[in-house]
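Right, one structure below, let's go through it.
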Amino acid sequence: MHVYSFLHAVREKRPLVHHITNWVTIFDCAQVVKSFGASPVMAHAPEEVAAMTGIASALVLNIGTLTTPVVEAMKQAAVAANQKGIPVVFDVCGAGATAFRDEKSLEILNSAKIAVIKGNASEIARVAGLAVATKGVDAGAVAADLAEVAAGLAARRACTVVITGPEDIVAGDGQLLRVKNGHPMMANLVGTGCMATSVIGTFAGATPARVPEAAAAGLACFEIAAEQAARKTKGPAAFKQELFDCIFALDEKLVESMQKVTPA
Amino acid sequence: MHVYSFLHAVREKRPLVHHITNWVTIFDCAQVVKSFGASPVMAHAPEEVAAMTGIASALVLNIGTLTTPVVEAMKQAAVAANQKGIPVVFDVCGAGATAFRDEKSLEILNSAKIAVIKGNASEIARVAGLAVATKGVDAGAVAADLAEVAAGLAARRACTVVITGPEDIVAGDGQLLRVKNGHPMMANLVGTGCMATSVIGTFAGATPARVPEAAAAGLACFEIAAEQAARKTKGPAAFKQELFDCIFALDEKLVESMQKVTPA
Amino acid sequence: MHVYSFLHAVREKRPLVHHITNWVTIFDCAQVVKSFGASPVMAHAPEEVAAMTGIASALVLNIGTLTTPVVEAMKQAAVAANQKGIPVVFDVCGAGATAFRDEKSLEILNSAKIAVIKGNASEIARVAGLAVATKGVDAGAVAADLAEVAAGLAARRACTVVITGPEDIVAGDGQLLRVKNGHPMMANLVGTGCMATSVIGTFAGATPARVPEAAAAGLACFEIAAEQAARKTKGPAAFKQELFDCIFALDEKLVESMQKVTPA
C-alpha cells in the first residue's frame, strides 16, 4: 500500500474536518488536523451543527467529556453527514467506564451510518458486546483476539473498525490491515488516542472512497511522526511538540521507508 | 507611532481581561494575556459574568464554539462592560460559516456598544453585509477593498474594526492604520487569530482612550514576536512555544526597530 | 519526612483521578497527572459522575469556569466519593472574585466531606470568612497570618487546607507543614495552581490515610520539577514543557536532595 499518496491527498484537498469532541484535547485535535495541512472546525451548538457539517468533508465525534446535549448535537450532525455523503468517524472514548457512555455510544451508533468506529482494545470490545475491565479512558486488558473482534464488529455494523494500541488493527470493506508503527511514549501523553481519531477523519475526508486504507495510512503517518519525535526527545511534553512538528515535516521518502502497514 | 509605550502601559497596569471565549484556544488566550504581563480571567456563568466584568479592565468575546446560553452570557457581560466604561472586543470567529453565527454575531453587536470588532477578511466582510465564501474558521477570499470594508463598518457601527491577515487593517475614530508585521507560519498554528483578539483586549484595557492605536500596537507586538519565533523554529508547535516566550521577552529596542505600523 | 516514598506510591498504584474542572487548564491537569505516572479522567455529565467517581481513587473539583449544572455534578460526585471513601480535593479557584463563586464554594463544601480545600492566599482567606481583595483568579494581598488561617479553617471543617504561594502551607490532622520549593516563573504560566491541585489529588489518591503529608509531598515534587525547569528555560512556554518533562524524570536522589518540606 502506498501510504504517502493518502497524505498527499490530504495536503492537496485540505479537507474541512468538523469536530464535536471533548474539552480536554480539543486544541490538540484541531492542531493535528492543521499540522497535516487540513482545516479543523469545532462547533457543537445544536442550531448550527448540521450546517457546519454541510460545509465539511468529514465529521469527527468523540465522547471524551460527553453530556446529553452534546450527544444530541452529535446525532444531528451525523444525520447531516449521511445526507451529504461524508464519512463520520466516532471515537468511543471511555466506553465501558460507565453505563452512560455505553448507552450513549449505542445511541450514536444507531442514529446514523458511522463510517469508522475507533477505540482502544477495551473500548471496542465493550462496543462489540464483550465484558471488559476499564480504567477510565485508558485501555484495559481484553481476553479475545482483537482482529476477530474488529472484523466481527465491522461486518455487523457495515463499517470500518479501528483498534489502536501497540499494533493497530483496521477492519472494513472485507479488509483487515495492521499498522505496526508507533512508540510507547505515546501512552505518556494525554490525547494521542483522540488525535489519532482526528487524523483518521482527516484522511477519510480526503479519500472517502477508500476509508479502511485511508484510516491505516493516517495512523501510519501519525505514528511515524511519533517514532521520529520519540527519537529526539525524553519527556512527554517535548515529545508532543516534536510530534506536531514531525507531522508537519513528513515527506514521501520518510513515510514510505518507515511505514509498516500490512494485511493482517 | 510609538508602539512600545502601549506595551509599557500593559506591563505597568497589568489589566484584568475577562474572556468569554471558545473551548479550543481558551488556554492560549489566557496565556498570551499573561505572557504580556497582564491578568486573564475566564468565566461564562450567567450568574457571575456581570460581576466578573465589573472588576475587569476589558472584556473579550469570541464565538468560536458558541452556544445560545454562552451568547446570552456574552450579552450580559457586554452590558456590564458598557456600564463600567471598559472596552468590549468581539472576535466574530467563524462568521459566514453558518447562519447561526451570523445571527448571533448581530445579536451581540446590537446588544451593547462594542469597542472593537475583529475578524479575518471573510468574517468582517460578512458582518459588514457582503456575500462571502468561508471555510469554517479559516479566511475565504473577499472581492472588495478591505480598508474600505473596515472603514465603512467602523463608521456605521461607531467602533474600531480590525481585519487580520498578511497585513492587518485597523479602522476607527477616523483613523486607518496598517500593521505589516507577522509571518506565514502563524497560519499553521490553531489559535493565532483568537490570541490576536485577546492581545487587542489587553492593550485596549491598558489604554482605553486610544483604542485604534492600542489595537494596532498590540497586533504589532504580537506579530513581531511571531517573526522572532519563526526565525528560531521550523514547525508550528516549536513556533508556538517560542511565540509565547518571545512575547515575554519583548523590549523597547526590538519593538521599535521592527514595528511596521503605518497610516493606511 | 521522606517525600519520595509518596511519589513512589503514585507510580506503583497509578491512581485513577476523576476531575470535574475548568475548560482553561483541563488538558494540563490531565497531563500533570499522567506525567506523574497516574491516570486522569475528566467527566462532568450528571448521569455519569457518580459512576466515574466509583472507579476512581480520588476526586478533584475545580471551579475555575464553574456553571450551576457543573457544580451540581460536582456535588453528586463528592457524595459518591464519600460513599466510596476516597479523598475529595477542592480548588476554590477564583473565590472572592464574585459572590457566585463564594456561594457555590460554600455549597460544595457543605454538600459532602471535602478532604482538601486548596487555594491561594486570598481564595482561602475568603473561604475562611475574611474580607479580601482579589484580582480574578490571581492572588490578592491578605492581611492575616496564613498559617493561622489555614489551621483555623482545617480545624473548623475537619479537613486539610492548602494555601499555595511563594511558600505553601498545609494544615490538617493537627499538623502544620510548609513547602518552600517552587520558583517565581510559575506565576507567569497559566494553570500552575490548577495543576498543583491535580497533583494533590493524585498523591492523596495513592496515600489516602496520610492526606496532609501526601499533599505536601505532591507539592514538593511538583515544585522541585518547577525549579529544575526554570533553571533550563527563559520563558513561560519553554518552562511549561520542561515542567512536565522534569516531573516525568523525577527520581529519589533529586527529590530528597531538594525537598524543603518542614513542620511549620
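All chains are identified by letter, namely A, B and C, in their written order; residue positions are counted from 1 within each chain.
Here, a contact is a pair of C-beta atoms (placed from the backbone, for glycine too) under 8 Å apart; a residue touches a chain by one contact, two chains touch by 3 or more.
What you see is a predicted model, and the numbers here were worked out from it, not measured in a lab.
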Make each chain a node and each touching pair an edge, then name the shape: line, ring, star, complete, other. complete
For the Cα fit of subunit B against subunit C, please give the angle of the superposing rotation, nearest 5 degrees. 120
Same residues or different residues where subunit A meets subunit C? The copies count as same if more than half of the interface numbers are shared. different
Between subunit A and subunit C, what distance separates the C-alpha centroids? Give it in angstrom. 33
Each of the following residues of subunit B touches two or more other chains, namely 23, 27, 241
Which of the residues in subunit A end up touching subunit B in this complex? 16, 18, 23, 26-27, 30-31, 34-35, 39-45, 47-48, 51-52, 55-56, 240-246, 248-249
Mind listing the subunit C positions that touch subunit B in their complex? 22-25, 27-28, 64-68, 94, 97-101, 134-138, 188-191, 233-238, 241
